Structure formats: structure tokens, C-alpha cells
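Next up, some structures in C-alpha cells.
Two complexes are shown next, each including chain A; its partner changes from chain B in the first to chain C in the second.
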Partner chain A sequence: MLKGQEYTQLFQVTDKVYNGFIETFKDTNPLHTDDLFAKEKSFSGKVMHGNILNGFLSYFIGECLPQKNVIIQTQEIKYNLPVYLNDKLNFYAIVEDVFESVNTVEFKFYFSNENNKKVAKGKIQIGII
Partner chain B sequence: MLKGQEYTQLFQVTDKVYNGFIETFKDTNPLHTDDLFAKEKSFSGKVMHGNILNGFLSYFIGECLPQKNVIIQTQEIKYNLPVYLNDKLNFYAIVEDVFESVNTVEFKFYFSNENNKKVAKGKIQIGII
Partner chain C sequence: MDAEKILKDVNEIFIDVLDNEDIVLTRESSAKDIEEWDSLNHIQLVVAIEKHFKQRFTSSEIQNWKNVGEMCDAIAAKQNQ
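Take a look at the complex of A and B:
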């Protein structure tokens, strides 16, 4: 992986992803499960769990890179806008730095929605193992 | 929530959690699914996805706090040691700061394993909505 290399990937928060996340992690907070509660809090409907995006990041690192011998070392994410059920998200990542001496690669990334608004952004550092 | 308040929670990376994560997010990288590959990379066996811990964080914020009207704004995590299938993890979090003017609360957290080693640590900032 070389500095400046870019990656894109389409993700969708389908019913299957949403239900799978809840069945796996049991986070049924009303913001994520109750449209009325979410609307009272001035969202358009129930808000998807932010950590669904971190699951997508896991897929990106584990499955979309040119090499499989990788492990996540650190990651950070800021959530800018709510994501709703069935939203299609464009994921964009760029290799920000390669530290060959310690076999690490740092990416910057963001997810944007169908209105071209960034819903989340962050950094992720991986090790080459 | 008040500065200095502490929370603890026990989590386990059961087969159900592990399989649920893979079924939901499709990250079948060999490090996470192939004991031989992981051992060649000098791990004791297949390494659990780091983002399983972020799923546990979702549960903590959504379900374990004294109030439900919360949303994650930012989060960061550093992975220190591998987590293996069936590992029991002690989660510890402390309220590091409360910013009443903007209705945000910042936690520091870590996960430790049964050998009392910290496997991951980080920060998470939530908004009160």
C-alpha cells in the first residue's frame, strides 16, 4: 500500500445488517429502535447504531485491501449526521501515511450518504503482520 | 452522569457474538477465521475482530447508562492485545469530563482479559439528546 492510494466501497444499512447488529450486540436503545422516540428527539426516524459503520470498516480492512495479512491497531470515528435504515453509504479511504520501519499504514476515511453529506469520518491505523 | 463515576460490565466473545458479527459484516479475513493462518502470524489462534469490542461499547452506551437519551458523537480505540474466541472481558469506564454547556459526556474505558491484561482502551464522547 502506497501513500495517496484511494479506495471506495458502497455499503448499505439493510434490514439484515441492522437486525444482525441488534441480535449480536443487544443494543436496543430507543433511539435505534423506536421511531417515535427518535422523532421526539428531532431525527427523521430511528437512527442506526454508529458502530454499524465500524463493522463496515472491519470489512474494508479485512476484505478490500490488496493484502490479507493486516490487523487493526487503532481507529477513531466522529459521527456527523444520522444514518437511517436502508441508507446507502459511499465509503472513501486514502492511505495517509506508510511507516515501513514499523510495518504500519494509516488511512483517513469518511462515509457519505446519498445526499453527498459526510455522515462520519475518522482514521484507522493497521499493522502488516 | 457525574465526573469520576465508574461503570463495569462483563462481556464474552461467545460463538454467537463471533458468528453474528461475521454474518452481519462479512469480514472473513483469515486472521479472524483460520487458526493456522493466525498461528503462522504468532497468535495463539484466530483473533477476534477488534470491532466486536466496538459492538460491546454500543451496548454499554445504549443499555447500561442511567439514561437512555444518549448518542455517540466520537469514539477511539487502541487494540493492545489479541482477543480470542470465548474470552471473557471486563469492561471498565469512567466519566472523564462532563460539558454541561454542550450536553456532552466523555468517558475513558478499557477492556481487560482474564489474565488482567488490558486488551484495548480508548475514549468515547456522547451527547445527551
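Take a look at the complex of A and C:
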């Protein structure tokens, strides 16, 4: 992986992803499960769990890079806008830095929705093992 | 940047990365002296040092570091290149 290399991937928060997340992690906070509650808080409907995006990030690192011998070392993510059920998200990542001495690569990334608004952005650092 | 300033900056990086305000490095300090300085944190220390000093090392260069003093000497040598 070289500095400046770019990657894109399309993700969708499907029923299967959403229900699978709740089934696995048991976070049934009404913001995530109750449309009425979410609308009372000024959202358009129930808001998807932010950490669903971290699942997509995991998929990107584990499955979309040209090599499989990778491990996530650090990551940070900032959520800018809500994501709703069935939203399609464009994921973009660019290699921001390469640290050959410790076989480490740092990406900047963002997720944008169908309105081209960035819903989340961050950095992720991986090791080549 | 003189050797004292490099050691001071490296000390601050260690405090930040290892999340231990009590760290006081000397040139003789090594991983044996600092509990949190394990192999995973070593990666984060090197990344932070390379970013801070805007330098890049090779894997063979960092493998030669036996203690903080050799780390600081390597940083100083890069600055003088």
C-alpha cells in the first residue's frame, strides 16, 4: 500500500445488518429502535447505531485491501450526521501515511450518504503482520 | 534541536502514548524499565516519534535501538542529514 492510494466501497444498512447488530449486542435504546421516540428528538426516524459503521470498517480492512495479513491497531471515528435504516453509504479511504519501520499504514476515511453528505469520518491505523 | 530538547520531546511522547504521567526518561531507559512499553505500544511510540519529528526510519534502523539514548541519537542524526 502506497501513500495516496484510494479505495471506495458501497455499504447499505439493511434490515439484516441492523437486526444482526441488535441481536448480537443487545443495544435496544429507543433512539435506535423506536421511530416515534427518535422523531421526538428531531430525527427523521430511528437512528442506526454508530458502531454499525465500525463493522463496515472492519469489513473494509479485512476483506477489501489487497492483502489479508492485516490487523487494526487504532481507529477513531467522528459521527457527523445520522444514518437511517436502508441508507446506502459510500465509503472512501485514502492511505495518508506509511510507516515502513513498524509495518504500519494509516488511512483517512469517510462515509457519505446518498445526498453526498459526510455522515462520519475518521482515521484507522493498521499493521501489516 | 539539541539532545536535551530531543529527550524532552521523546519523554512527552512516551507520557502521551503510554498514558503515564510519571514517566521520566533517561538515555539509559529501555523497555525493561517501563511496564507499558510492550511490543504493541512500541509501534505507537515509533509512529508518534516519526510524526512529531517529521522523520522516517527503516525497520533495521529501529531494531538497533537498545535504549532511549540510541533512539534520540538516531533522531538527531536524521536531523543533521
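As a working rule, the second predicted complex is superposed on the first by the 129 of 129 C-alpha atoms of A that agree within 3 Å, B and C clash if a C-alpha of one lies under 4 Å from a C-alpha of the other, contacts with A are read in each partner's own complex, and residues count from 1 in each chain.
Please note the rule applied: a residue touches a chain if its C-beta (ideal position, glycine included) is under 8 Å from a C-beta of that chain, and two chains touch if they have at least 3 such contacts.
Quick caveat, the model's predicted, so the values are computed rather than measured.
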| item | value |
| --- | --- |
| Partner chain in contact with A:58 - chain B first, chain C second, else both or neither | first |
| First (chain B), second (chain C), both or neither touched by A:74 | both |
| Per-residue touch tally on chain A - higher for chain B or for chain C | B |
| Which superposed partner A:99 touches (first chain B, second chain C, both, neither) | second |
| Touching both chain B and chain C, residues of chain A | 73-74 |
| Chain A contact footprint on chain C (complex, rising order) | 40, 42-44, 46-47, 50-51, 56-59, 61-62 |
| Complex contacts: residues of chain B adjacent to chain A | 16-17, 20-21, 23-32, 41, 47, 49-51, 54-59, 61-63, 68-79, 129 |
| Interfacial residue positions of chain A with respect to chain C in the complex | 73-74, 97, 99-104, 106, 125, 127 |
